[in-house]
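Sharing a structure here in structure tokens format.
Naming follows writing order (A, B, C and D), and every chain is counted from residue 1.
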């Protein structure tokens, strides 16, 4: 991905922002009705996802993961505002795509839940979303060095990883938080059709067609960032997967996600 | 922060030192009276803080953390001289701002307790202090590269991180330890109104309005140093939070400290 | 190893590939007969090897290790397709050198089992094989910097570490997986008589005369890669073992493998 | 320490070697008599030291630590040849300074025990010795970058860290192991009066006036190497402790070793 491409992403984000401010003002914030009960196995997967992301070093006391409601694509499920490591089934709340809680009962929501609502709205193919401060990824969000797929495990990074600059999207300095629908929409625009977007001075957002692959992509985005930085430090040119390799490997490796997931879930839920 | 700013900090420290030597000579070292009992929950927080700093890799067998006495701003509480990981409630001692123990009963005090006494004296807003040898931070204390806020979690670093050079403060070679009130006062002068100061060839001091935020700042100063070094190693320019972003994000993120604190405390006290 | 040497390895691999495609087409894939029962101690070693490689950070949820069948050099033993950390004795399957399972009973095989079959076929001296995505090794597989022996523990790297480029072997883009006998044969050709070959954009393969030494080499290839990157980052020339030192040290250190193996196995099987 | 200084150390080592070969030939290797029983608390400290070095990442499956016999300076105590993590009191053996075991009873000795015997012979002040493959230290042994004291905790490195090149000492390629008295004597000559010497392509040797300080120095040599590499990577000049600071800090910090030792020993023996 060239710097030009990065600027294109950012410009698109800024344009979307203006549009979104107007569009979002029409939405009401009243508590929506539930989309109904969810298979406990999916809730368990969501709880496991929180703990797996901790175990794998992708989130610390911050970060969140959601799944789209299986019965209603206009709703999603996510923990109340606590550290991912502490999440249990009882902490899972339901939101509509305005990121308004169905039944808050005094529970606090993540300030940045709009990341989830607005990406689910913009991307019907997305069924799960992770927002993290993945440590090896942060440096790439503040550098001119693009994140690129170094090996087959992170082949999904092929095609480029856009960087969301909240200052460009908001038209000035912010507290760096995606704290409303307009900013969430701008981030979704930067993400476009990609699985991963970096957030300058903040972290990343990772999406996928199910929770397993989304967690997998979060883990291997972190790993790729670490390995890419090491490869760059060796000096000399680095050979990345070419576009066709990335496309082919992304498909093949994506099909093996059950292997690490089985391991990760077992360890996460055993605690 | 420019190098010029660093020199200004150091010059201020050296000037303060001379003043402090004279001023401190008037203080007596007799055992002071207690300021009275403290809420056991605060003691638990202080014990937890010691262990959290270990868990998060901010301290090893060395380092210390204190809180100002809630009933008397002229007193503070800190463990006797043992490794932070071993601290229990029974090890917490009370000191006045001359860093004289109220009731030593043969217990050894940290040699560098003057860091705490003198900063509490100079900074009425400070309610908790951490002194550490935070590993990723040490290299920034001996380098000309200034530590700067890379992301919102370390926004409190905005405005510059002064570096205390004990040689400049003492006017010559020392054993690097802040082992008396004069050196503590010089360090407090270098710290000025900031939340963090680096100590050349030694470590860092971190302060805050309560123990939770002070521990939080210690953890994310370490993390920022690690991530900044990685970002710099990628080559090319690094985009830091600008001053306004740092100010805004510092406020917002500071308000979320309960989230990691709940996690950290639970794990620390479960051991 | 010079870059010229690397190109020679790759050219050899590409040539071998064409030959292999033709040769392999003649092999049948029918279920072969078992070579008979195996000493349970060897199975325990193979299970331990899987866990040791996890403990030592050489494999994560992916990677596999095999041993040649002690009673029939035309067969080998390897786990069904699960994460190495979960492998138990019941998961070990038997394969012939076409990498066809003797008794699959519905169990899934690793897609890349051809790495094992074809190397066993090409290298009668090899009794155990590890395929991994060893994190510190990956960067050397995509860099022009050759992996070289930095200290006596990795002296077996003396003589050069070839890099397998699957694109050159396949004559175009692939999904990066050694998913058939032809690619396995090309990899075996690149490996030649060496103990280790890197796989560009993928990982590495490590072989040896027994499972202990093969695990040992996997561990210290990872360690050497980490230390070499650090030494290179210090700037200035790096002194590697010379050829004679590598030869002598490789022999001596290889004779001490029982020492770490005893430790590693005890810890791995205690879980 | 300049490169010139390093060469001086090496030249001294080479000269000593020739002398040592002749001198050592006169020693007999018959089993010596015991110097008598040892306080179990010292044995416990030696066992703890083995485990502490593992816990602190200074040794892996290799490395060894010894203490001089308290009743006879011509004898020392060290484990039989097993991984440090597995050492118990029953594994401790007694050697004379020729590194001949008093009562082997079939137990295997470390091949490189001559490191210990010859340093004890050359350095009456030394009461404990660690030989390790300390990971962050290895790169400095193969680089032209000298290891220097970055902070007060590693002030004992002040005055320079010599590098032992076994090729220069032996006059040609070896298997890198200090496998006889002549090589041990050459290493002792390179070490001179210093607390630490690096061994090119191998590891390091660390000595001290007691086991606590020797373990402490091993831990903080590793830490200093890690931090120094990070500081160097930041670019620009690095400020090390000056000679007087190193001397003063070395004395002061050395006096605090009981603090981490109490922690380390407690954790090591609790396993």
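Quick note on the criterion: contacts are C-beta pairs under 8 Å (C-beta built on N, C-alpha and C of every residue); 3 or more make two chains touch, one makes a residue touch a chain.
Please read all numbers here as calculations on a predicted model, not as lab measurements.
Visitor: Rotating subunit B so that its CA atoms sit on those of subunit C: what angle is that, to a multiple of 5 degrees?
Guide: 180
Visitor: Return the chain whose centre of C-alpha atoms lies at maximal distance from the corresponding centre of subunit B.
Guide: Result for the farthest chain: C.
Visitor: Is the contact between copies subunit B and subunit D built from the same residues on both sides or from different ones, judged by whether over half of the numbers are shared?
Guide: different
Visitor: Using the average of all C-alpha atoms in each chain as its centre, how far is it in Å between subunit A and subunit D?
Guide: 49
Visitor: Measuring from the mean C-alpha position of subunit C to the mean C-alpha position of subunit D, what distance in angstrom results?
Guide: Using C-alpha averages as centres, the distance is 35 Å.
Visitor: Subunit A: which residues touch two or more other chains?
Guide: 233
Visitor: Give the pairs of chains that touch; include all such pairs.
Guide: Inter-chain contacts occur between A-B, A-C, B-D, C-D.
Visitor: For a test of understanding, state which residues of subunit C touch subunit A in their complex under the given definition.
Guide: Touch list, subunit C to subunit A: 60-62, 81-83, 85-86, 111, 133, 135-136, 138-145, 167, 173-177, 179, 200-203, 229, 232-233.
Visitor: Would you mind writing out the residues of subunit A in touch with subunit C in their complex?
Guide: The contact residues of subunit A facing subunit C are 150-153, 155, 223, 226-227, 230-231, 233-242, 244-245, 248-249, 251-253, 256, 259-260, 262-264, 266.
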